[in-house]
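Note that chain A is present in both complexes that follow, paired respectively with chain B and with chain C.
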Partner chain A sequence: MMKIRDVSKHFTVKKGSSLSRTRQIVRAVQNVTLDWDLGDFVAIVGESGCGKSTLGRMLAGITPPTSGTITLDGEILGGARGGAQRKAFARMAQLIPQDPYAALNPVRRIKDLFYDPLSYHKMVPRGQIQERVEELLTMVGLNPANVMNKYPNQLSGGQRQRVVVARALTVDPKFLIADESVSMVDVSLRIGIMDNMKAISRQRQLGLMFITHDFRVARYIAQGGRIAVMYLGQIIEQGPTEEVLKQPMHPYTQALISAVPILEGREQRVSEVLPKSYELTGVVPHEGCPFEPRCPLATDICVKQAPELEADPVIAEHLVACHFSTPREMVRDLRVTSA
Partner chain B sequence: MTKLLRRLGISVLMIFLVAALTFFLIRLMPGNPYEVMYHQLLMKGMSQQQAMDQVRSIMNAIPNQPVLIQFVEWLGQLLHGNMGTSIQETGVPVTELVLNALPWTLVTVSLGLVISFFIGILLGVWSASRRNSWVSGLIDNVGSIAHAIPAYVTAVALLYLFNVVWHVFPSSGAYGIMETPGLNIPFLLSFLYHIVLPVGTYVLTGFGSWELAMKSTTITVINDDFMMAARLRGLPREKQMRYLGWNSILPLFTSFMLSLGAMFGGSVFIEGTYAFPGIGNLFATAINSRDYPVIQGCFLLTTTTIIVANVIADFAYSKLDPRIQA
Partner chain C sequence: MSDVVQVSRLSIVFPSDQGPVKAVDNISFTVREGESIGIVGESGSGKSTVAFALFDSVPDPGEITGGEVTYEGGVKLFELSEEAKRRFYWSKASMVFQAAQNTLNPILRISQQIEDIADAHKMDKRAALARATELFDTMYIDSGRVLSAYPHELSGGMKQRVSIALALLLGPRLVVLDEPTTALDVISQAAVLRILDNVRRESAISFVFITHDISVIAHVVDRVIVMYGGKIVETGPVEKIVANPSHPYTRGLIASIPPLVGDLSETRALPGQPANLLNLPKGCAFADRCELKQQRCLTEMPQIRTIGPDAEAACHVL
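Here is the complex of A and B:
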């Protein structure tokens, strides 16, 4: 069980020339609290720049949080910078990076990519490394004989992404964090890779977190799991996937769903919430609700007071941070209603 | 294999073209060797008549033929390994002059290149890893300034400081007058002692560009996802550094091989300053006295070095980096 409590990450950004340099603090992630169990499928949804990747990197232990704690089975994970702790953490959580073209060392053959982590972590006896590599490659749906001795540049994008997934599994992690892991892959290949990730995670009872900006990907991955919607570093809505999609309560979530194209004939748009602006506003409010500048429902109270993430009175697992949260049906699935 | 042969064929053609070009270009230079020699003899204190007679007797060797026929003849001789004889050092074959000078230059230039490359690589990685602190700025600035100062200025400065002011290193020559060149320890020690300043000049003027190039490639690679993947998997630091180093040095490899030729050119100034008996010095003297055969010999040698280095670099690179297919 991974317990994420009030985790924040602030970056200091230097601006201007070396003579007149001003420091600005960017709050990439703010007070995120989340429970994540083995076998739990979680989708983190948000637009670019909302801090979802930073959250993923913190959970994978390569970016230490500024404040807050991440505990794993009751053990607090510090910065995870030291070699020994880093080594131990590596076997708990692994991140699957977004770009399969940049994620593979270009001068090493595919089997060499697996060799180092397998031997360093002593995952299998030396003599069985070859076998283990073949097993991992087969697991992600590749033909080991075809790819083992190739260099990354000789593989297609889809194959590379599968190799990246297989490599994350070399150290037998308990938690898998996929950071936009299919966004660089051809749409036609996405389902295959996502199915593969889901099947592996289910089979090994892994916690799978999928970070994405795409609600359809989130829905597909987190079927029966949970969705957390992030906005400017904060979780603003969180709940069971089907619940959040059927009746989103936060105007931001509603706006995001309004932006997803619907399948004419199969789905029907019931209502739409449009933000005041389609781009992030320059000003980030320090007090009040972060979504206030773009929110169509905002009033004075939103400027003055930040809403807390609170449970919905009806469904306790559905949390939302909004003064004016109302469940709203956005899209109706015609196949379900007619059946 | 056919690719290799084709590459070699093209290289030979290129060497021929360069040879032809130098042959004709040199003959376009203003002034002629007769006059130059005449004036030099006058300066040595000969009377005009004496000087004229001597020039005639020496220059008899130069055929009074059209340039094109000279060229064909010269080319034929070249194919037999004969680059003619020097005009200044009458009767000495150019091949002998060039081959005597070559080892000195080859050793100093290669040493200078290798040392500056390694210093540059180390500083570049160091600068990249400290890229947010003043250390990086200091290294980069020192590197650019050292690189920006012309080699001949650096050479004179080093000569002044280490010879004139502090009397630490010798001012000229490649070895002490008491030593006999060959594989004996006193000679080798004396040689090393004598090349400290020339090699130091190559290093000082060369390491800056390596440092800056290495820093930029390292920063690119350090941010690549596969480096993050190595950290994610908790691989030890040595292993990560190996991934990082290998991927960052690769792009520098070609320019490393090519700069061997560039440094041959640079040796003209540096060897002149240190009166070093290498190709650069030979070249400079030959140009000053319009010693056509020697100039051609030096040109030919330098271009051949560059072209050969280029071919080796191409083939080695395709072996080192799997993304490049030979």
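Here is the complex of A and C:
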């Protein structure tokens, strides 16, 4: 089990010329608390700049948190064991990066991309490496004979994305963190890749976290799991996937769902929440709610006081951080009403 | 209603080491005045190549091997001189690209770029700036700030809105948008689509949207053209294509878009990989991925035919 407690990540950004340099602190992730167990599917949803990728990198042990703790099976990440622990952690949690074009070394053949992690982590005896690579490629739905000896540029975007997934599996991780792992792939091929990731995670009882800006992707991957919505570094709503989609409570979640394109005729929008601004407004200007500057419901209290992430009185697992949270139906399924 | 552009029997080939790639193979369609159409397909379907052909700008080494693009008033695009084409673009037909950040000049203020367009088309600069300000107002762009800004000072969504405003500046009859929102966040995407929907409802401008995600454009188009392996496989009114698609490929595309609410069991992956244009089969290009394929599909290429009001499809099994 991975326990994430009050984790924050702050970056210092230098601004101005060398004569008048000022430092600004960007709070990429702010006090995130989350339990993530084996077999648990979680989708993290938010716009660019909400801190979702930074959170993913911290959970994969790539970026150390500024404060807070991440414990894995009782051991704190970044603790006394140093390098050995990092290596052990890398074997437990693997990141599947977003861009399958950038993630694969263009001058190495597909099979060579697997040799380093397999031998560094001593996953299999030398003689069995080839066999293991074939197994991994088959697992992600590729025909090893067709791709093993090719270079990344000889594969399609969808095939590359599958190679990236297979490579994350080389070290037998327990937790997979997929960062926008289908956003660069044609819509028609996304379901196939997601089905494959879900099937692998189920068979091996992995914890799967999927970071995305697309609620359709979030729902599909985290079916029966959970969705957490992030805004400017904080989780502002969290709950069982179907609950969050059927009855979103935070105006930001409602605005995000309002922005998802739907197929009219199959689905119908029943209400819409529009943010006051279409652009993400950078740094929080006050101690209040981070969404206040864009929120159509905001009042004075939202400027003065930050809302806590609290449980819904009806569904305890559904948490929301808003002074004016109200459940609202956004989209209706027309296939049911017509049947 | 008159046709703004007519594409007839267009074929485009890219020579390669492994033989010619037929990116676009004998396709015909028209865009009527005030109509908005969507060209939908996967990577490699030829949809972007069609967009480039509408401007006779197919990237090298691509070559138009047959067919005609005829604009309103009998203007045959491929017969125009370079100078005539230059004047034609922007004023009669304009294009918005996927990555807006690459189309704005990074070292010029937005106002300067507007003046340059005016200059090239012998339009009064002040009139152009006034028109741009009007357009910006309808697109939630703060012209006071944006006109004097450099592109890097604007967000991706804002740059894309500016590109759309520039494409509309000279009052064109046709605007072609290639994946106009793919690089944007959901909320900016919704804003851009809302703006485009307003523009198309309030003007007689025709639009061609190119995309791999039909759900993105379903709300802003009247008619959809589905391409596969360089050919048109289905066309029809958007309501029909979404609710009742005919071609097995179109059905597969729709079924691969997960709904936001309700039953997910009908959501299915489209099996296999997009058609390989280097090695197209003798029969239907979609046959190897098709659930309904018959012997005939492997040997005989299906021709596009009328299947209903304003609807066509190329499939033996229908």
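FYI, the second predicted complex is superposed on the first by the 327 of 339 C-alpha atoms of A that agree within 3 Å, B and C clash if a C-alpha of one lies under 4 Å from a C-alpha of the other, contacts with A are read in each partner's own complex, and residues count from 1 in each chain.
One rule holds for everything that comes next: a contact is a pair of C-beta atoms (placed from the backbone, for glycine too) under 8 Å apart; a residue touches a chain by one contact, two chains touch by 3 or more.
No experiment lies behind these values; they were computed from the predicted model shown.
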Fit-or-clash call for chain B and chain C when the two complexes are aligned on chain A: fit
Residues of chain A touched, compared between chain B and chain C (which is higher): C
Touching partner for A:M230 - first (chain B), second (chain C), both, neither: neither
Which superposed partner A:Y278 touches (first chain B, second chain C, both, neither): second
Chain B versus chain C as contact partner of A:V244, first or second or both or neither: neither
Touched partner set for A:N105, first chain B, second chain C, both or neither: first
Contacts of A:I200 with chain B and chain C, given as first, second, both or neither: neither
For chain A as apex, the angle formed with chain B and chain C - C-alpha centres, to the nearest 10 degrees: 70
First (chain B), second (chain C), both or neither touched by A:G158: second
Contacts of A:P97 with chain B and chain C, given as first, second, both or neither: first
Nearest Cα pair across chain B and chain C, whole Å: 11
Interface residues, chain A side, partner chain C - complex: 47-48, 156-159, 186-192, 195, 213-217, 219-220, 223, 245-246, 255-267, 275, 278-280, 330-333, 335-336
Chain B-touching residues of chain A, taken from the complex the two chains share: 60-62, 83, 86-91, 94-95, 97-99, 102-109, 116-117, 120-121, 151, 153-154, 164, 167-168, 170-171
Partner chain A, residues of chain B touching it in the complex: 224-226, 228-237, 239, 243, 246-247, 250, 320-323
Complex contact set, residues of chain C against chain A: 42-43, 140, 155, 157-158, 185-191, 193, 212-216, 218-219, 239, 242-243, 252-254, 256-264, 267-271, 273-274
